[in-house]
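Two complexes come next, and they have one chain in common, chain A, joined by chain B in the first and chain C in the second.
Right, the complex of A and B next:
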């Protein structure tokens, strides 16, 4: 503490270390949050079901996604990234996951939503395995914090089935 | 600053920063606002800088007593004796 510069340096270093500790505490406080998200998924219509020029099956469908992810938000949440995947099994792969839709939820007010949309990304298979296929629709979410650890979880909905014939 | 003042400045700095951090965290958590926590802490850092870094007079209350120059002349520094080095050279 001998000179002005010495004291200023010591203060700055200590202040930054204390800030890092505060951010760690903020991240730990996220564990105190009790989560209760809910979601409902419906396939309203299969618009078309064809073989693409590459020889792979391709489907287009209209979905209704309604969810309430408000309980995921804490004071330390920057945004929630949510995406919907279709999951099914084929002889070649034990798990195929195709992302159909995603969205960024920037705040708690936007976290209760109901969306009526066609799939944002193509539902394409590696081959021709989709005729009459049973699949699950899974809503995943990643809770991105302002500082600290990111939490991810999902909600699986089973019981969906593709048509037996091309349309 | 004198020695006591330096010790006081260091202690004050640590206590003030930790205190502001606790207040900032509690306020941010209660209000549910991360931005509020950072704002309170940043203003706390500025206030602590203003209190501990400049050389305020209250840090200089226990002034160092330097030896008076006239007193120093009465007690000269001891000289290294030159006779011992002469003896060594003769023995060679």
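Right, the complex of A and C next:
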């Protein structure tokens, strides 16, 4: 009953259970955080708007993204992944979500930022439905913890509209 | 010579009972592990409720050796979700983030494009020849939680099978030689 093997086994089991309990507590502690993120999105310029070689509409634009996501960080947060999508509807598709930009926020200090950028990923449609299209710009954030449950949320801004003509 | 025969008989009968009970308890352990695994599959609705991160394409969020808990629900797939999918012809599942979604009006079917956070380009290079989008049936689950470092055990056992045999041999030895 007191051999080395029994003791090692008991120690290992106990260690694993304590670790699992600590991870669960760490994850639960994230729920205590009160969230108050804020953001502003602006389309500064539509650089060009063309039909690609495959026949799909494609847009390039310059965006200004400023946000304060500092309240999302807890001691259990490894990083926050923020990304911006354009969302719109077409006759064929009830929902189109196209990611235009994403960024990794590694710490609380970097969580207050203002970025001036062209879209990182191509804003391409399945088809040619973008002329004069109304769309929403949504800033999503995905909080990735050091251990445990991940959670995500978003801020939707409506009222954007693409130009009526190609340029 | 008679007492040798008696001794051998008693040793044999004891041994057989011990061996059988040990085999049964080993079988119980293996079966209960299987029950837990299959139960997890039912609860999470996914074919493999736990996956190990094998590549560095989602760093710094997920490092090689982390374990991801998956869950699959009928909810529509939306941009930003981290999904695990199988490409036709590849057996290793890939864990990346959805960056584009196009959902049909009538059928609700969806075209999805994914990309690893740490990769420069999207996953079209990883898809099958000529495939531009993923559909719902490619996707095995959404990542909902994770544990760091725990997956290294699986990685070591897969990449250096010697360790696997050593472990199983040691376990077998322990079971046989233990007095319980």
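Criterion: the second predicted complex is superposed on the first by the 166 of 167 C-alpha atoms of A that agree within 3 Å, B and C clash if a C-alpha of one lies under 4 Å from a C-alpha of the other, contacts with A are read in each partner's own complex, and residues count from 1 in each chain.
Quick note on the criterion: a contact is a pair of C-beta atoms (placed from the backbone, for glycine too) under 8 Å apart; a residue touches a chain by one contact, two chains touch by 3 or more.
What you are looking at is a predicted structure, and each value in this text was computed from that prediction instead of being measured.
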Chain B versus chain C, judged by how many residues of chain A each one touches: C
First, second, both or neither for A:35, with chain B first and chain C second: neither
First (chain B), second (chain C), both or neither touched by A:76: first
Partner chain(s) touched by A:85 [first = chain B, second = chain C, both, neither]: second
Contacts of A:152 with chain B and chain C, given as first, second, both or neither: second
Touched partner set for A:7, first chain B, second chain C, both or neither: first
Touched partner set for A:27, first chain B, second chain C, both or neither: second
Touching partner for A:140 - first (chain B), second (chain C), both, neither: second
Which superposed partner A:15 touches (first chain B, second chain C, both, neither): first
Chain B/chain C common contact set on chain A: 146
In the complex with chain B, residue positions of chain A that touch it: 1-2, 4, 7-8, 10-11, 14-15, 18-19, 21-22, 25-26, 29, 75-76, 146
Chain A - residues contacting chain C, complex: 5, 23, 27, 78-79, 81, 83, 85, 91-99, 102, 104, 106, 121, 126, 140, 142, 144-150, 152, 154
Residues on chain C engaged by chain A in the complex (per definition of touch): 60-62, 76, 78-82, 97, 99-105, 108, 111, 117, 122, 143-148, 174, 178
Contact footprint of chain A on chain B as seen in their complex: 1, 6-7, 9-10, 13-14, 17-18, 21, 24-25, 28-29, 31-34, 37, 41, 45, 48-49, 52-55
